Amino acid sequence: MTEPITLQQDETFVLNVGPQHPATHGVLRVKMTMDGEYIYNAETVLGYIHRMHEKMAENRTYPQYMPNMGRLDYLSAMSFNHGYALVVERACNIEVPERAEYIRVITVELNRIASHLVWLGAYVLDLGGFTPLMYCFDDREQILDLLEAVTGSRLTYCYFRFGGLYNDIDDDFITGTRAFIKRMRKELKMYAKLVTGNIILMKRLKGHGPVDQNMCQRYGATGPVARGSGINYDVRRNEPYSVYPEFDFEVPVYGEGDSYARYLVRMEEMEQSLRIIEQALDKLPDGPVNPKKKPKLIKPPPGDYYAAVETARGNFGIRMVSDGGKNAYRLKLRSPTYSNMHLFDEACRGMLIADALAFMGSLDLVIPEMDR
Amino acid sequence: MKIQEKTKEALAALFPDPPASEPEPDDAEEGEKKPEPRGNGIIEQDYHTRGFHLDAQIEPDQLIEAVRILFDLGYYLEAITGVDWIKDEQLEVVYDFSRYDFDLCRTVIRTRVDRSAPHLPTITPIYTGASWHERETHDFFGIVFDGHPYLVPLLLPEDADFHPLLKDFEA
Amino acid sequence: MGTQDVSPSIDTVPSSFVQFAVADKIIDLCRANSLWPLTFGIACCAIEMMCTGAARFDLSRFGAEVFRPSPRQSDLMIVAGTISKKMAPGIKTLYDQMPEPKWVIALGNCAISGGPFLFEGQYGIVEGADEFLPVDVYVPGCPPRPEALIEGIIELEYKITGWRRWPKPKPEWRSSGTEES
Amino acid sequence: MSLTLFNVILAVFIAICFVGANAAYLVWCERKGAGLFQRRPGPMENGPWGLLQPPVDGVKLMTKQLLIPGGVDKAIFMVAPVLAMFPALISFVTIPFSDNIVAHPIDVGVLMIFAFAALGGMSLLVAGWGSRNKYSMISSVRAVSQTVAYEIPLMITTITIVMISGSLNLSDIVQTQLGGFWSWNIWPLQKQVGFNLLMPVSFLILFVCSVAETNRAPFDLGEAESELVAGFHTEYSSMGFGLFFMGEYANIVIGACLTVILFLGGWACPVGDLGFFPFTHHVGWFLLKIYLIIFVFIWIRWTFPRTTIYGLLNLSWKYLIPISLFNLLLTAGLLKVF
Amino acid sequence: MTPVPSPELFSADGMAGLIFLIMIGVTLAGGFIAATAERLVRALSGIVICFTGVAGFYYFLNSPFMAMMQILIYVGAICVTISFAIMLAAPEQQLKSSPSNLLSGPLGFMIAALIFGGMSALALTTEWQASPKTASGSVREIGIHLLTTYSMIFELISIVLLIAIIGAIVIARGGRN
Amino acid sequence: MALLSIHNYLTTYLVFGAMLFSLGIYGLVTRKTLIGMLIAAELMLAGVSINFMAFNRFLAPDPSIGQIFTLFIMAIAAAEAAIGLSIVVAVYRHYKTVDAEELVNLKG
Amino acid sequence: MGGYFTDLFTGTKSLLDGMWVTLKEFPRRPVTLNYPHESVKMYPRFRGHIELIGDKDGKPNCIVCSMCQRACPSGCISLAGVKPEGEKKKVLSRYILDFTTCSLCGSCVESCNFNALRFSNEYNLASTRKEDFIMDLLQRLEEQNR
């Protein structure tokens, strides 16, 4: 059903998907103009969970703003912690101890797996399968247990500090993580059988939701969406930060540009994350997790600063404008799904509603991160 | 040729008389008493302290041209944002660009408009994805992007008539 | 969709057609043990809500796992997340579309009072679900642990029936020491 | 025939009880089964193993407010759930639970089941229509086109069996499969047709079709949650929804019964005649078989993602119909030869 | 035709009679709705009820096979097709249909009443001659007849159906390409 | 209780068939839309079929003949419905109406 | 034509594979923790709401320096102290935590230099009243000492 269909505008009706709709994973609203079950065009309405993050940055001190990072994208909160820590460290020129860097990478990658697991479960739920969601959440609980033992929270971590971490990890965490890696490898094989190879899923995803490279460039799509379209772009590789250059991992790239390619990219990323964690655990140095000298008051010198990290959904950038005060003068959060979702309108035209929703799921949306 | 130099060369064509290479604007930003608005031109920034490589300040009417250059060089648009310099009575609009390949060059294009009548041309014909970014900037700062096909509030309620990120905004 | 005005008070729960006390009690008991929530997540707390339904915590043990996508078939609205001013009318509509008797749980600090997003001069959020909904049970936390949501549902059952079926477990530390590193 | 009419009334009453109990407890089985497939226990707290959950839900649904959305055609809105439940009930009267337990052994039993299944399809249409909701509308159109598409292979397969048995009467169809499991229609070895390799395939087709006919996952396009909210019953609350729910499970039982009767020997004992009591063991075998089939229904539902409408039609037109047609011809040829 | 003795109400025959009466009521009501309802959706519902009732008559007329076919074909196929057509072709405001002019209502009624009067008079006054049964009319016999005596008609009907399907596709096609 | 045994008389069915037939006629005359007319026509066919079935049951020597006739009627009705509805759809596509009286363009 | 049958067979096989996976899970023990029956033990670093640490006599360690109040991003701590006659140090007289706006970031505990604050292990708070979560920590400390 990929051949283009001439749609007639005079026979259309408007279908309002959302803000409360099971497929939108939150409070996104898409006004679809439909011709039968085909989509004529779709207008996305955002802002149902706009939480004023950028305004809050202007009236909170730099350390006080850290908790917000956990709530921007609650599924990969660690990456956002990392991004914010990076930009402030860059601005104030704070050295991070090596052990802290390694622990950061471990927690970020664990969080990335957790995030992809939620995506996998929710995506298959979108496609109508319920059981994989339960398995994914069960596996995710293992990660949450590990991270909770370290950070004290399950979801909205506020673990990174400028120059270091809230606290060190212990041996239980290391043994637990190793056990988890072993378990997860087995579970990934199970998912491959249960979900990836499933003919129904393949038929639904292969060849649907095409996103090409030109489109990625025009919309600024990053992360698995870009990598599913054959763009070898991963901030961890292209713009190395933290200790990522130390690790041997691959950036999965698939050129098909369809929903299935994005699906495979994420599935493979989980494996690569496991590899990174394993290497980081092996190389984990001793030492403190907080720098010896840390400015008492965080006051970056005036100017513009930028930092980007690779979250589970793509390139997350922070532009921080400082005027030398205790608060940021302006803090812009460049969230990956904001750009990724934007291409939905163009790409979904002429699709069946079922395919369009499968396509939307493959973009891996986290609405609060989009609306900020 | 490294992309950074290429970009710099291409962008330099925008400025008929390149500004003197003295790092005067840089100094101005580093805590001088009189924050003199920086002149147009390109500055190469230190990536390790700033996080980006090229920093070009241009006139609003040069915007389309500059963005077209970057599009042709394979840049993608990361974000558009505004900064309210209330003391200068100006609004700065910042365009962040980055590249997909390993030859990394983050480029920032910034332009300033008057706070009383903020108008800029839209770049949606070049970067379709700029649409939401421009709408968002319109939401937050009230900057009008001329020629934008659908400039209605995106993040704020449909009937919102306030611009919350302006420094003189009060709820 | 047709909406109707329902006065925001829990006293409007219609008493059943059987006017006997025992029958009423049985009906209350049935209602309390068959709370079908609306599939409606807003933000972070929605993920914890999903966790509560998932294998580790399993809301289905209490007969409350039937997440209905349509408000017409649900009894319980779990407001899980920050309510923005743009969203509030929508939530109100959803609440009005639910048939009586219906209950509301405010899950997480955002739904209770605006939570971490409450600051002076804020322009975007509603400060608590109870500003426009009759909230029955509050579950604090940011986000609350899934146990807290289960506790909230038990609390709601207590409110409906006046009988607490399970005692509240006392919190314990995992290791003997209560000090943290 | 009028002499048996009184029995019909009685039988319908019994059928209502049977279907009601079945529908209620199948919901429990579904939830429990779903739980066990998903590493969790399912309903536990209400009664032992949550066994009181169905009555609790039932009472709750019955005492809930019945909302009728503004602007709908009330008569049509109200009649749809009844129309969903009623055909399933009627179909039960002709199902032979054993050689002597059948409410009303109508000569064209197979046809009757199909006829009332068609009536059930009508109810979805009416429900979706009466709701005045775009999701419901799309959903009901989908559900009906799906039902129509899958009736074709279902009927062709059934005709194959009818040809083998030489009767439209369900009891007669079972009678031809007596004498051990090897004489069931599912196996290629047949007294009448000799060696037909396509019989197991044909069984699979019938099974897939009965899954599709009952709108179950992976063919539950009508109530595709992530696309169409709750499908045709989006606007139904209280018992209106409850009736749809029960109707769905009643249809599952019918589908399972049909599968068992046509292919798995109905109430016939797998090996000779093993029963201790001449009366119960047949019923016992029959129930065992249908619950086994229902277990597979549940198992499938909690394993697979949903297909799309075109995937579903593709499956029907590209695979099921050609294969079942081919099998029909083959069987006819074999019948002629042997 | 020999008169049949009236049964007791609470005997099996009596119940059968009662059910027959109810069925007449339901069928007539359905037919009435189908013929007069303002909204096409209701008319469709009416005709579904009516056809189900007619199937009941067939059952009483010793032909369960025809009863089932009636439901299967009329309700399962024809009514569904009609409903699709209503959905496709009739927007909300056109679902209603009122009498086209003042005359057609009474006129239609008069014609209908005339035909009904004539036909029922004919039915009541004619002396119907029953002939002795030579066969049972079972499904098997129908099948044998269809493939022997009436095989020509059977084939023709098949061709008509085929042409109808092709024609329907040809005519209705063309909206989308 | 003579009423309880009326199902054993041929006349009952004949009168009843006539009733459905005339209802169909009434509908056909008064209905404005094509679909409405089609429904009415189906009603008439049902009335005719009942006659066939009744004669078949009470009078005919071989009771399968009437059933075969009714079957044929059903087949014709199905064909008619398919064709009629495709015409309705095509007409609607073309003229955006299903009102029979507005379709003057069809003439000539 | 070859694709037709390969499709059929690989498709069926993939479906059976999936069914085998779920079937293997069916007889396994659920991983569920029966919450009201089994109590969950909290990790030592678990972040509940904060509570005061008392010394041996049950007096709070707090010296009313207000660091926690200043560090809190959402301003949910309000405390006051009185200076009794003849003593140098202030004594805590009121410590109110508005838990409904807390974001559990841990800044307060981190900023406390006098070992006066810690996280409690109350993970299952729920109430029908909102006011229950505006906690008087001093009172809570007294209750714990009792």
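Labels for the chains are A, B, C, D, E, F and G, by order of writing; each one numbers its residues from 1.
Following the convention adopted for this analysis, a residue touches a chain if its C-beta (ideal position, glycine included) is under 8 Å from a C-beta of that chain, and two chains touch if they have at least 3 such contacts.
None of these values were measured; they are calculated from a predicted model.
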Chains in simultaneous contact with chain D and chain G: A, C
Least step count from chain C to chain F, where 1 means the two chains touch: 3
By count of C-beta pairs in contact, the leading pair of chains: E-F
Intercentroid distance (Cα basis), chain B paired with chain A, Å: 26
Inter-centroid spacing, chain D versus chain C (mean Cα positions, whole Å): 36
Between chain G and chain C, distance of the C-alpha-averaged centres to the nearest whole Å: 19
Chain centre separation in whole Å, for chain D relative to chain A (CA means): 43
Two or more partner chains touched - positions in chain E: 13, 16, 62, 65, 69, 77, 84, 138, 175
Shared interface positions of chain D, touching two or more other chains: 35, 37-41, 44, 225, 229, 302-304
Interface hub residues of chain B, defined as touching at least two other chains: 156-157, 164
In the complex, chain E residues that touch chain D: 11-13, 15-16, 19, 39, 41-42, 45, 48, 52, 55, 59, 62, 64-65, 67-69, 71-72, 75-77, 79-80, 83-84, 87, 138-139
Parts of chain G lying in touch with chain A, wherever the complex brings them together: 7, 10-12, 14-15, 17-18, 20-22, 25, 31, 43, 45-47, 71-73, 103-107, 110, 119
Touch list for chain C against partner chain B, complex: 85-86, 121-124
Chain C contact footprint on chain B (complex, rising order): 156-157, 162, 164, 169-171
Chain D - residues contacting chain E, complex: 1-6, 9, 73, 75-76, 79, 106-108, 111-112, 114-119, 121-122, 125-126, 129, 137, 141, 144, 148, 151, 168
